[in-house]
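Please go over the structures that come below.
You will see two complexes here that share chain A, one where it goes with chain B and one where it goes with chain C.
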Partner chain A sequence: MNEAAWGRKLDWTSSLRINPAYWVVAAILLILPAFASNFILYQLFGWTFILGMIALSLMFLAGYGGMVSLAQMTVAGIAGYMVAIFGDSAITDISQGWPWYISIPLALLVAALFATATGWLAGRTEGIYTIMITLAIAAAFFYFFNQNYVIFNGFSGFNGVLPPKLFGLDWRHPIAFYYLTLFWAAAWYFAAIYVSRSPFGLALQGIRDNPRRMAALGYHVTAHKVAAYAIAALPAATGGILLTWQSAQISPGTAGIGPAIDILIVAVIGGIGHPAGAFIGAFIYVILKTFAVDLIVLVGLGSERFRLLIGLGFLVVVFWSPDGILGLWEKLKQSRGLNPLLRRAGRRS
Partner chain B sequence: MRTGARRTRYERGKFDVDGRKSDRRIATSIGEAVAPAENRPLRRFAENHPWWLAAIAISTAILLYLIFAIWPAWLVQIIGKKKVFLNALFNGITLGGLYFLVASGFTLIFGLMRNVNLAHGSLYLLGAYIGYMVAGWTGYWLLAFPVAFILVGLLGILLQVFVFRRMERQDLRQTLVTIGISIVLADIMLWVFGGDFLNIIPPSWLSGPMETIFVTGVKRSSGDLIYLKYPLVRIVIFLASVAIGVGMWTLLNKTRVGMLIRAGVDDREMLSATGARIQLVFVGVFAFGAGLAGIAGVVGGTFQSIAPGEDVRFLLASLVVVIVGGMGSITGAALGAVLIGISEQFGSVYFPTYSVVVTFMIMVLVLAFRPQGLLGRS
Partner chain C sequence: MTNGAISLERTFSAGTANALELRGVSKTFGALSALDDVTITIGPGEKRAVLGSNGAGKTTLFNCITGDFLPSAGAIRFFGEDITNAPAHERIRRGLRRTYQISLLFAGLTVVDNVYLACKGVARGRFSLMRPGRRDTIMEGAEELVRTVRLEASRDTKVSDLSYGQQRQLEIAMALAGAPRFILFDEPAAGLSPGERRELIEILSGLPSHMGYIIIEHDMDVALRVSESVTMMHNGRIFKEGKPSEIEDDEEVQSLYLGGGNA
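This part shows the complex of A and B:
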């Protein structure tokens, strides 16, 4: 990008040049509570934003850093557990009952520390090794949560984990919860875009493309990778805390191996190249998970065949378009820009 | 290669006569002798890491004492009954044999083709169900092994031809596709076989305990020695997996096919440039690795039980084994499998709440100090 382009970007009218689709989506999301039912607000969209945030942290690592970490759901789970342990829950023997302004930052901190340690371990490896090691870490912690009764209350976990009554609002009320999740989803979405354009994000993308060259340029490759894990922990931890509040409980199954792989599926279906992909993938996943059961029963199979459908859909997406829905969209845009006679780019490019 | 080794041995003899003590000095003074020295990894290890060697020797001696001696009272007070200890040890070793069967196929496929098959656990579970059905229908337990090997091997060929060959060198895509396949397979198996715990029943000539030569204690009344009784089927299966491991090692290191495979591991392009039919080797190795997972399924179904979720468990076990042992190394897989098997069993006996953490700590330690795995090449 040349100087003139930068100058234009900084212009105050630049907000008018944002793709109008963004304004439409933002407007719809903001006024949605006016006409959507509580089920749609709380279950569909609340869950979409939560899953999207956790998938966003995976997308951040995979898309910008080239590190596919399956431990992001574990990060979210740890944050959820910490809120239950430091804050209030029905398990009063373990829960400390500290106020939210201590328990929530502490939960984020512990999750970030865990992610940093994970990054320190997994950052020494590349590609497929990262996937395997993070999968092993996720599995180890799933079994650890299951077996440990002193801190994590074993198999049953914690129930009755409720959000604080801040500003006199019940944050589990569908409309309040909708705006809460929307706010954090949007915040982390723009934060991810901001970081991806910052010097750190650019260095991270350089490391993804060629670690050796970046090391030769004087960048500390491992430090950048570990820092990326630490940063990516924040959206995942936020998602984990909100997920715990949404269902008012957390148990080992929340952060099991299945959910860890589901997060990968969400991120990949949406497209791992852009933060929007995480939320698109989450939306598709939630819609499928909520309504596919009816569809399957309609076809004549039992409702428990849900995972078969998800698995097949995932396979189709990965086979056809490794970049997910966003990749399909890009392809479509490209093919529309092609001159149909010459099969190459027309005036547009 | 063999002549090289012989020559250095001869040379060493000669230089010893000349009064030079150190092998290493010879190795550095004669550049040629450096390479064959790598053929004696044990000796090199001993020279480079004398303290490690001493630590290993001492712990082996302690282990041997713990296994063979009659425990004095103070030892029983610290650790507990010897019978429990020996049982944990043997369960760990035999579990290691099972892990080895699963992980060796995984590591072989990864080492040669860089293919990451996260559906490996599903192949294991499929083999277990096939074995259960075959053993149930025909009544011949032994028949379950070849049938599981062949059917799961065929599925492996399909996977190689239709999935992995289409996306060579696309690690992430392979991972995602095999995750998708494992989800689909897991759900189909749940659909067909249900969610119950099943068990393959070993034939009568293999069931029941066997008296071993290991002493667990002394009878107070008569002063007779009490010998450990151990399930015969576990011993037989462990010996069989050792035999398979030795067979694989021999195949890899002593035969022409093994030479092709090793050459493929080192440099695929050069091997195909020499005219070797590398795609055929790939298909063969994939089928063999998958078939081994199928056999392991039958073994696991006899040892333990068959249930949904076992696929993930064994996929993770083979991941950890391979990470600890070193990617692509059969010997590493054997070492890692026994290590993980023993630590899992000891963990569940002596630290029941933290057994997974013990396994996990081993992985973390290996990753921290030797990221390529114990016997992996960096």
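This part shows the complex of A and C:
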């Protein structure tokens, strides 16, 4: 075998080629606590990583599998509820107070089972129907959380849901919480990239491009879709648990219709073609949501109009670059230094 | 080989291991009868061409065989096994393959990933979350097929960036994946240049003798050169069967099809 072919083979196995940009981002994120305030660490970045994980779950389904699910926030919410119910909270009548090594795996399991059931229903549909079914599921569970007092404690939900004091650390301390969310965000980010080149991940992308052909190649398309929902539940559930710890509470509003749509906005703003898009979108969303209020008030509008800015940002991104910020980046890269004759229209049709 | 008087009267119960048997297969779309009582028997390793004008029901025939949709009536057997109502992926796992008239490829993936998916579809570990290693046999098989159809230079090219002819070559590589027992080629030469047609004939002639196929092809040069028997279809019915030479000389066929402005 010649040298070039061998090189290509090596490339296939170790295609986690490390881009220098990765090192820069990694270094900045790792040393950020040395400069940044607690507010930046806990609120801005903690929230960015959490939203990013939930949006990553949607990106995995939509970007690789072509399935736009609005139920990913509900998956996150269920995981949050489960740590409150199986673990500790201020609602001692309901919370079981089981140790973290039981309550957390159980929460992930329940969230994954819920996502599997969602996938079992939604996986038989395509396009707009997937969106409608998952939206219906998200809405149904929002009202169910709201009205069920025996398990979900109705409107008020659970407060006092705290992370375990593992290694003697208070994980809600801004620096500890920052590294905790960073760790899981990075873990799921790299897991998503790794899995995208695995047989399962490639099959998922095949289903996105051409489900009928996948069936004609011997794949059970529905089974793959359902499995994708189950796998995508894990980053969402991790995000849901961390979100619950961040505010020490979970209530129906956490997983309402608004947040469900916000996740879609986050994923689309960042770009659903690559896992990085989920986190870029989350960062932009958090910045807008945190500072848009001040800006809106400055312009003389009521503070409740901050969503106007998010909506405008969303429109601008979708209008100028349907592939999100990442798509914009790709366009910039392509328009530079490439032979204009060879410049391709770009992404998949 | 069952040439000439092809044994239409042979029944399923004979227990033969024919590659493919269709008995009275019909398919209606509303009032339209796309296939009408089609009975075809194809022996093991037989290479059959199916000819007919547009709308003769050739592609519908393929869709029924592969299970893209179920026939309205009739039965289909594949190597003696009744597959009439089997789902598409089950038929593929039993060794049936097809190419599509309009390329149905995975536009967002590279050439080698497309072929890898085709190979993996009939192998174990379709749900594996582990990346294939350097010595992965499926991956090696995919690399081999990419070379077979002469696409090694475009190995890492995204399918959406391939030329039309290259996409047709990739279609064939995907049909050859995973030790097929029988292949359905749907107009593989359509849109190819003369040079690419010669390559196609070479690829088809180079297939192992036990690997039978049906080829739908408008180009008579290609169709008659790569087949041992020919079925003519017209308006969803079988109109004539015979050896390539017989079909070529048949006056009825010539008036209906060969003279029909396909040049």
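Heads up, the rule we're going with is that the second predicted complex is superposed on the first by the 320 of 349 C-alpha atoms of A that agree within 3 Å, B and C clash if a C-alpha of one lies under 4 Å from a C-alpha of the other, contacts with A are read in each partner's own complex, and residues count from 1 in each chain.
Going forward, a contact is a pair of C-beta atoms (placed from the backbone, for glycine too) under 8 Å apart; a residue touches a chain by one contact, two chains touch by 3 or more.
Bear in mind the structure is a predicted one, so any value in this text is a computation, not a measurement.
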Which superposed partner A:216 touches (first chain B, second chain C, both, neither): second
If you stack the two complexes on chain A, which partner ends up touching A:224: first (chain B), second (chain C), both, or neither? second
Where does A:205 make contact in the superposed view: on chain B (first), on chain C (second), on both, or on neither? second
Could you look at A:164 and tell me whether it touches chain B, chain C, both or neither (first, second, both, neither)? neither
Could you look at A:195 and tell me whether it touches chain B, chain C, both or neither (first, second, both, neither)? second
Inside the complex, what are the residues of chain A that reach chain B? 62, 68, 121, 124-125, 127-129, 131-133, 135-137, 139-140, 143-144, 147-149, 257, 261, 264-265, 268, 304-305, 307-308, 310-312, 314-315, 318-319, 322
Residue ranges of chain B touching chain A (in the complex, touch as defined): 114, 116, 170-173, 175-177, 179-181, 183-184, 186-188, 190-191, 312, 316, 319-320, 322-323, 327, 352-357, 359-360, 363-364, 367-368, 371
Residues of chain C touching chain A in the complex: 66, 68, 87-89, 92-93, 98, 100, 104-109, 112-114, 116-118, 120-122, 125-134, 139, 143, 155-156, 158, 160-161, 174, 177-178
Which residues of chain A touch chain C in their complex? 8-10, 12-13, 194-195, 197-203, 205-206, 208-210, 212-221, 223-224, 227, 231, 344, 347-349
